[in-house]
Each structure stands twice: as C-alpha cells, then as structure tokens.
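Chain naming follows the written order as A, B, C and D, and within any one chain the residues start at number 1.
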Amino acid sequence: MYFASDNSGPVHPAIMQALNEANSGYAMGYGDDPQMDQVRARLREIFEAPEAAIYLVILGTASNSLALATLCNPMQTVFCSPVAHIHEDECNAPEFFTGGAKLTLVPGGDKMTGAALRTAIEAEETRGVHGPQRGPVSISQVTERGGVYSLQQLQDLTDVAREFGLPVHMDGARFANALVTLNHSPAEITWKIGVDALSFGGTKNGCMGVEAVIFFDPSKAWEFELRRKRAAHLLSKHRYLSAQMLAYLQDDLWLNTARAANDNCTRLAQGLRKAGAEFQHQPEANIIFATLPRRVHQRLHEAGAVYHLLDGGLDGDPSQMLPFRLVCDWSISDDLIDQFLGLL
Amino acid sequence: MYFASDNSGPVHPAIMQALNEANSGYAMGYGDDPQMDQVRARLREIFEAPEAAIYLVILGTASNSLALATLCNPMQTVFCSPVAHIHEDECNAPEFFTGGAKLTLVPGGDKMTGAALRTAIEAEETRGVHGPQRGPVSISQVTERGGVYSLQQLQDLTDVAREFGLPVHMDGARFANALVTLNHSPAEITWKIGVDALSFGGTKNGCMGVEAVIFFDPSKAWEFELRRKRAAHLLSKHRYLSAQMLAYLQDDLWLNTARAANDNCTRLAQGLRKAGAEFQHQPEANIIFATLPRRVHQRLHEAGAVYHLLDGGLDGDPSQMLPFRLVCDWSISDDLIDQFLGLL
Amino acid sequence: MYFASDNSGPVHPAIMQALNEANSGYAMGYGDDPQMDQVRARLREIFEAPEAAIYLVILGTASNSLALATLCNPMQTVFCSPVAHIHEDECNAPEFFTGGAKLTLVPGGDKMTGAALRTAIEAEETRGVHGPQRGPVSISQVTERGGVYSLQQLQDLTDVAREFGLPVHMDGARFANALVTLNHSPAEITWKIGVDALSFGGTKNGCMGVEAVIFFDPSKAWEFELRRKRAAHLLSKHRYLSAQMLAYLQDDLWLNTARAANDNCTRLAQGLRKAGAEFQHQPEANIIFATLPRRVHQRLHEAGAVYHLLDGGLDGDPSQMLPFRLVCDWSISDDLIDQFLGLL
Amino acid sequence: MYFASDNSGPVHPAIMQALNEANSGYAMGYGDDPQMDQVRARLREIFEAPEAAIYLVILGTASNSLALATLCNPMQTVFCSPVAHIHEDECNAPEFFTGGAKLTLVPGGDKMTGAALRTAIEAEETRGVHGPQRGPVSISQVTERGGVYSLQQLQDLTDVAREFGLPVHMDGARFANALVTLNHSPAEITWKIGVDALSFGGTKNGCMGVEAVIFFDPSKAWEFELRRKRAAHLLSKHRYLSAQMLAYLQDDLWLNTARAANDNCTRLAQGLRKAGAEFQHQPEANIIFATLPRRVHQRLHEAGAVYHLLDGGLDGDPSQMLPFRLVCDWSISDDLIDQFLGLL
C-alpha cells in the first residue's frame, strides 16, 4: 500500500527489458546513438511536429530548468503557480540555470487562470529597466495538486501569453496522466495552442529516469544543447536513455501506464468519498489531496500504508481531520487498493 | 515644485565643497585613501560599533545586493516585503549578486509584521533539500511606501529572524529619514536589536552618489571586499566617495538634511489633508502616497509641478480620485511647498 | 574493434543484473533507499574513511563540477592541467557550477608538477582584491593523456596545495584504472596525502551511469546536498544508482574491470610498439596516444576499427605519421585486439 | 613625484567645474538627464557613428564586463592577452557578469598577434558541444604594458575575428592615450576595422569616474541597459556622469590630457634611457616598464618618489637591476619629472 509518490515504484518490465536489450555492443555516446533517431521520429509523429527539436535528460528538474533557461534571460521573470514544482521543489534550480531570473507567483490556487495571469503580467514591467522583465509562462500539466487543465483553461493561459509575446513552457512531468484525462491529442494541448517547450515526463510513469524536452520551434536547439552539456546533463551512455524512451512510446505503453495510474486513483477516490473523506482538490489524474480523521490514519499506518500526512502527525485527537496526499502509479494493484479501502 | 524623487535634486553645497576640497594632489586608490579611515572611525562612533566593517559604494542597489550576497547563499531565499526595492526595482540584481537566490515575499502590505514573517519562514524549508533554504530577512527602513518601523515593530521582526537563526539586512537608503522620525540612536535600531548588515544611504539625502555598507559583525568583511571588486563596485578614485561621506557625517549634516526633508513632507501632508486628499499610507518620513481628484492634478501639472501619478493619467473624468506619490528631499523650499499647496 | 572511448561499451553483466534485481517493490527516493546505506558503508571501508560524506550522481562532469563548487567560491581560481577534462571538455560547467570562478592552467604538459603548480599559485593573488583568489587544486588521476601520477608525484602536488592552504580535488573518472596501476591503497593516494574530495568514477569502468563524490572531511556535506539538488542531479529513483555502485564494489568488480581494461591497453601498446608506432605519452592505464603512418590507419578503418584520429584525416600522403587515440574498456576481447594488431 | 597610477591624481579642473555647474536644480535620474543627449550626440560625432548606442558607467571594470556580457553567452570563451586587465585585475568580474564564460589566454606577450589569435581560436571548439564555444575577442588599447596596437596590428586581429564570425570588444580605458599616439581617427581604429563595442575611458584621463560603453551596432542596446541596471551600474544621479563626459569631450580636453600624459611619459623615458634604464616594453603611451639598479630605487624612494617595484623590494644588493612601473597622467608637472630624472 505505497501511495507516497509516483517515483517510488518499480520500473515497468517493458522498460527494463529494453534496457537489457540495449546492453549489447558499442554505441556512440552523448546522444549520437541510433535509438535516439527513433525516439526523435516517434515523438515528432506523436506530436505531429516534424520540425521539433527533441532531447533527453535524466530527471524532471533538469528538463524544466534547462527549458526555462533557454526561453528566459536573467533579467526576466517566469510566471507560474504559487505551488509550481519549479518554485517549491527545486531548491532554486530555475534561478540557477537561468542565471538569476525571478519567479513571479500568479495569485490564486493551484491552477492559474487567464485573468490572474494577465493581472500578474500587467503588474510586472511597468518600471522599464527597473523591474524584472516579463518572461515565460510555465504551466504544470498535471498540476501539483492533481488537477488537469482543460483545453479551454490552457488556451486562456496561452492566449494571454501570446498577447504579451511571452513564450510558454509546460511542465509535463505527468503529461501522459493529463492526456488520458483529456479527450485531445498531444498536439492539441501543446503547440497548437501555443506551448513552445514541453517537459515530457517518463520517470513518474514507469521509466527508470528519462524525460524528453521538446521545443516545437527548433530555433533555440543549439543553445539548449550547450546548456544541457554545461549543466552536466548530457549523458555519455545516452543509449540507455533512448532505450527507455523508445520502449515507453512503444505500443502506447506511456498511455497505458498513465491510464492505469489514473484508474487506480479514481478507484481510490471513490472509496475515500464513500468513507467520508473530504477532498481539498478535485482529483483529475493520479493524485489525491483529501482529509480523514486521525484515527483512520492511525489505522492505515498500522496496517503498513505509506503516504504523506500534510499537516500534523499521528499523535493527537483521534477525531481531528488530517489532510493527506495519495499518489498512484501504474504498479499499484487492485488488491492493495481494496486492502487500503477496506481499512477505512 | 519637483516632488518626483529624492534623487533628482542638487547635491548639498557642503558635499560639493568637500568634493572640491578633496580634489588636490595624489591619493591611493581603491579605498586606501586617508579619508576612508576617518569615514570608518566616524561611522563606528555614530553606531557605537568599534568593530564594524564599513565600505562605500556608489548606489543603493549595489549596497543592498552586495550585502545580501554576503549574507545569503544561492540555495537560500531572502524574506522581504512584496513592495521592497530589492524585489520591485532592481531588475533581479539580488538574484544576480547572490548567484540565484530567491526572494520570498512576506504576505501583507508595505511593512512586514513579525507574525507574517514567522508564517513565511515556517512555510519555507519544510521540504529539506527540495525547497529553497531559509536565508536573510531584509527590512526597508524607511519603507517603500514612506512608513517608518517603530523600534517595537523592528524588534518583532529581528526576534523572529533570530529565533530561526537568520541574518538581518536593513535597506537604509533613507536611514537618516527614519532616524529623525524615531527617538532612538542609530545603534538602538540596528545592531542592538539584531541587524547584521546595514545599507546606509547618502545619495537620496544630499550626496552625489555614496552609500555605506556596514557589517556590525566583521567576520565576512573580506568576502564582501572580494564581492565588491568582482561586481565592479570598488572605485579607483575612491577618495571622492570618502569625501562625500565624511562631509555628510560632519556637523550632523545627514540628520539636518533628513530632518529638512521630513519637515517638508509633514508640511505638504498637512496642506494635502486640509485640501481633502486621502492618504493611502501614513507618511512617516519624506514620502506621501495619497489621492486627489484628477482636476487638481491637472491644475498642478499645468503649473509645472513634477511628481508621479500612480494609476491613470491626466485625461479623463475630472472628479475621479487619482493616486499619486510625492517625495521630498532637503532642497525643496518652503516657497515651493506653499506654491504647491496654494494650487490645491 | 571499438577503441573510441571507454563509455561506448556495454554495461557489465553484473551491474545489469543488479539493476534488474533492484527493480522490485517500492523504495524511498532521493537517496533515502537502503542500498545507499550499504554503498556508503562499503566506500568508507574501501577508503578507510569512516567519516566520509558520500554521494552518487549520474556522470563525471556533475561530480567534478559539484565537488569544485563546494570547495571553491566564485572569486577564486582552480588550478589544473591545461588538458584537464574540467577545462577542455565540460563546456564551462565548472564556471557555471561555481558561479563564475576561473580556471588557471598550470603550464606544462598533461601531468602537473609540484614546481609548476607552485609557480602558478604564486603568480595568482599578488594583487590583493584585484586578482582572482587562490582556490582548489584539481588533479586528474588517470590524466587525460593516459598517465598515472605516482604517489610521489601526487604528494608533490598536495604538499604545495597544503602549503598554501588550498583544498585538493581529484578527478577520478578513471580512479580504478589508476589504482590498479599503482601499488597503493585507495586511502594512500587520496586523503592520506591531502585529497579533500574525490570524483570516484563508475561509468567509464562498466557501470551504466554512476559516479561517487567522496568528501573525506564531511563538514561541507549539507552544502553539497543542496548544490546537487539545485543542479538537478539528485535522482528521484536513486536506488538504481545505488544498485549500480553496490554491484560495482562487490567482489572487487571495479578492480577487475579496471585491470582488464589496463591489460588490454598494455597488450595493444606492446603490439603497436612492435609495429613501429611512436608514443606521444607513456600509456600507464587504459589510454594510448601514438602515431602511425596514414596507410596503416586506412587499413584499420577499412577493416572496421573505430577510434579517433587527432590531427588530419584518412586522405593524404600514405606515409605521413598521424596521431591517434585508443581507449580500452573491460569489454574488449583478446580476439579483437589480436585482430587489430594483425592489421598493423 | 607620483607615478604609481593614472587614477591617483586630481580630477581635471574643467571636469570639476562642470560638476559644480551641473549641480543646480532638478534633473531626471537614471540617464534621462538632458546632458546625456549631448554626450550621445558628441560621441556619435567623434566616432562618425550616428547609430551608435552609448552608455555611461562609473568605472572601467564595469564597462568591460557589461560590454562582454552583452557580446558573450555563458557557454563561450573570450579571447584576450594573458596580461589583460579583464583576466588579471578584475577578480573574475567578466566570469561573473557573463554568467560563467571562460577567458582563453592567447599565447604570447602583452600584445596579441593575429597569428596567435588564430591559433587560439582554432584550438577551441573542435569538440562540438563539449568544449567552450568561441566568443568575443577583447583587445586592450593601450595594452597593460604600455603598448599601442598600430592600425595594421589591430586589423590583423579584427580580420581573424571576422573570419570566425566573432565580435570584437576593445578595452579602451586609455583609448585617448592610444589615439594621440596613432595618426588615425577614432572611427578608423574602431568600427571601421570591425570593433563592435568599445570601453571608452575617462577616469584614468582626468575624470572623477566615468566611462562610456559604445556599441557601434545598437541591436543589443536594450539588453545592455538591462544588464547595467541588474549589475547596479545605472546611476540615479546620472547627470554627474554626463557632466563629466561632456566636459571631457569639450574643446578636445580628452585629447589634450592624453597628450600631456604621453608627453610626460616620453620625457621620462628619454631621461631614463640616458640614465641607463633598460626597457622591458617599448613605452608607446603613458606607461613605462623598465629596470634600474636597486641603489637608484633607494635614492628615488628616499626622495619621495611613489611608484611600483615589480619584483623585489628596496633591501638587498644595491647593484641588482629591479623592474618597476611608472604611469603618467596629465597632471604631472615638468618640474616633478625633472626632479625625478635629476635623482637618477
């Protein structure tokens, strides 16, 4: 009953098999392996973007920070949600990679709205050279609280960005989970509405450690390559990244693992709702933020469930409602979910 | 009738005279001029801080950024007001000088409160290595909206900082203006309550361009010297900085010019109040934020008054209340103030 | 006949097996996996350094840059060989990670000498605050030209560093290859003579992608952890790094693969010598720099040998001597070496 | 008898007078003063460059570093002389301002040659993404050892830069001194041969502290403005920079002070030559590097002469030849030179 994170489970067997198969003979390093050509071709096909520049890195913070550094100069500010991973969970990595750009937190909750984004953008750069300059908008899809922007919600944001001439970055660490929630194609929720660069996650969805950075406009490709190398994110034995990504894209594995994770989450959410849990955010992908009485948490922990309590510990008034987070990956079995729900 | 800024007026004649007098013969450069010894001695005396490390730079952004970079590592975040100069008016200079630290905006208005600061500090670094680390607290005294922290208000902030082991920086671009408002000694409102580094302004209060950076604990003095040089803020003909600062401190000139500026402001504020202006912030030093009907602004501008309208221009409904800012320096004459008030 | 690099061959089967075995169940991320405890214990044992702080990252540029950034402030300069990997092959990564420190190239060849290092150190920082400050000494062991510093040669360098109070970093991307050449213990060629931080390579010696950073003095451990996270080098699924390193250290695998690589190199060198190749550097580990007539290179390339020509291509005067580089890893078979030598 | 530096003498009376005259009434800050328009017009006229973007900063390290940061991205390397001020005397400022670019020292002496520059450029970036990328060429005119590049020597350098598509920066801290040595116009030795950005010095030639940065191609003007502000080098009371520069350019003052300094140097050099001094570098502007016996230095120092000994002190073998440096500014009187020469 492990719901602490979607990066704690095992690598999907198909990915593991691909790594084993890749482990034969000699291959050029640093991204010049032949599998990378296939990765590039496959992602261009999936995104209907034959010109896209595509790179692999080992983890999400790298893909986000390198993409932002390529889109943003150090005198600018990045517009993002107050709970964005780039703000809260990367120990100033975006500030480091950009050479000292700022992050402007768009007021509101987890999901930014077009109106709030507009207000935040308008508030910046009324001071000419004195204030930070307006820079990219960064959208987390899935959000950090488990929400999925609808096509319309996304377009509200990208319309505002486009109006101000600002580039758009999408943190898609859980892009596949968002995609299977929405009834749209990858292209429709990215470049067709104005996303310039996408962090396309694999790690949280069955891979060992691989993320693609996709620039739909390839004009900054070389700059990105240099930034990746300079940040020590160009792997010598790159074929093992390519192999993962290739297997991930093969036979819709990426969609199947995401769908499994989301389905697990839906099942959990239904059970929690029945058991009286209150939801702080509507679970739209594979993450749940809800509250339950402490006594239930005590029971779950005793039975070995692993997940994060968000405010307060197991000791205290048994009837107090305690917020918690559950995250599902593809690997959680129905049995374990039933076992968990049975304890409620 | 020039109320646009306190850096637009002339240099005080005594400062100018000091520059002329310094302009004779040869002097060692880069801070090794003999006048700098006197500056150091005089400031140590004024602040009752015989060990303090003291440096001169040419402008406030440099003093703030260099002081913060010395107190803050790139993995940390600086706690400050949402309207702090270091956040709004320095084009990411603190992020640049610190090598990519973050600024955490303490929710609330212009003045931070101890309670809000505590909440902001507690919210950071609950994530171990993942989030930004807690760094210095930066207090603007005078605030950007013309407020002056009382001794108790300051102590509320420094107590919280000390509780969390965080260093305290004071942006004292208008330190003298704050001092003459309060009935306390320089030491009482700085190191005695836990301020570690002070940006001690001269430029806005009659100098041509000089600010002192004072570290009450000199242990990081050498690091600061290197940072100053590396940022191109160590002047070769440093004697002209020393001469300004020395004249500024001579015969209480700094207090007299600050008092003149504050008195001018008080007089203006009284007249504005009589004329029906509404104050957005209580003017406690030399800055006024208030509103007047557009028609009054039109009249003032026609008569040649220079100051900033903050939201909207001169064209429109004559009865609409428009916010504006007035800043006084020592040089504004009573006549001009009367002339201005007469137009209300 | 693949001699282009020691990062082009397959992962050692034992490492691969360990990855497969690690792929079961759930594990805490970000270095909190139980295998990491074993890695730490094992490396402390191998280095007789029970206090050492030990971290894993995915590639050598990251380990070098993060170690240097922890040892070096941005006002300093790192002393290294003119052909050091950190200077020539990391696209300014050390400058990036340190926040703008400089690299001072110690005149001479591939191996630094104590005398040349002393001269270089003495030349810096005669200018007080004006020049770069003296920072760490970085030693590549194995060197970029395939040399191995003897204990005495190392000590000549670390003695000079210690005399000036400078920390010492060792780029040990091929540390195992050096170790099996020398008749000394890991401790004897590192902390016992004054090495402060070691990049301990695994990737070039049979792993998929893992390097340990070892701080023999753990006082800067936390700073390193923050720097690693901020640079996006803290892996979420860290157990797969731990598993590699653990297998690498198991049953002396690391020494066996290094010995195999060095033996391959010796065999190659002997054959080359017999065939009249001239050696530009004495091959002391697993790398050869030599020259052969173009006609021989033509023959080798036609037969499918893969390696780097260093100055000039296959077209031209057949009798011209062309320099080239051969690198061996553990996986090169005797047959292939014989086949290669047979073509000479 | 003060020959220690050309930044130790007094400000020229005409500059001082201009500062006094500027000190009246109110002026917009941050470069929007009306005098700046005149500065811009005058420099465009002098350089026959009606489109040039022109900015003022307070000292040479700022002008160099900001110009280079605008021309150079952090993945590149700047080509310069091994004794360039940007390398030896700015405490890593160029590395800081560029965000971590490298400096590649062109082998040879004080003056770079076209051939050596070509070799250095060719040596870089043979490694694709791995090595530093080729960036700007920075030429010091006057050089740090008192040399002046001839038009042909400059063109040899700029031709090479142009061939590789690299921008050219000129560190003209002593540009006026070079100009009066050469028989060419300002345009002829800058943009007409391919200089892109010029640090045009005033401080060492009679000003209190002002340098112009001139971009002959204004396309990066806005980026420069942002970089200047972010580095805390945009002065609020900017009119005092403008006033200095305006007076400096008025009635050829800048050329007259430079000519005076060079003439003083020539006179000194002739006297030294007669007295048996050996010259390490040919003095071509206002700086002398020579050697004299220690006994002469002892005599000079006893008589109060101030200048730098470069290797060794006053104690020791009286007949030993000791190298030293003399720098002249405009203010050195003939009497003092005679007095100095009389002591030889």
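The working rule: contacts are C-beta pairs under 8 Å (C-beta built on N, C-alpha and C of every residue); 3 or more make two chains touch, one makes a residue touch a chain.
All of these numbers come straight from a predicted model, not from anything done at the bench.
Student: Going by the average position of its CA atoms, which chain sits the greatest distance from chain D?
Tutor: A
Student: Please tell me whether A-C or A-D has the greater number of C-beta pairs in contact.
Tutor: A-C
Student: Between chain C and chain D, what is the separation of their C-alpha centroids in Å?
Tutor: Chain centres of chain C and chain D, defined by C-alpha means, are spaced 42 Å apart.
Student: Quick check: how many Å separate the C-alpha centres of chain A and chain C?
Tutor: Taking the average C-alpha coordinate of chain A and of chain C, the gap between them is 34 Å.
Student: Quick check: how many Å separate the C-alpha centres of chain A and chain D?
Tutor: Distance between chain centres, rounded to whole Å: 51 Å.
Student: Give me the residues of chain C that touch two or more other chains.
Tutor: In chain C, residues 74-75, 90-92, 96, 99-100, 129-130, 133, 226, 229-230 touch at least two other chains, as defined above.
Student: In the complex formed with chain B, which residues of chain A make contact?
Tutor: Per the touch definition, chain A meets chain B at residues 74-77, 88-92, 95-96, 98-103, 105, 127, 129-133.
Student: Residue numbers of chain A touching chain C in their complex, please.
Tutor: Chain A residues touching chain C: 2, 4-5, 7-11, 16, 19-20, 23-29, 57-62, 65, 90-93, 96-97, 203-204, 208-209, 226, 229-233, 235-237, 240, 306.
Student: In the complex formed with chain D, which residues of chain A make contact?
Tutor: The contact residues of chain A facing chain D are 30, 73-75, 99-100, 129-130, 133, 223, 225-230, 234.
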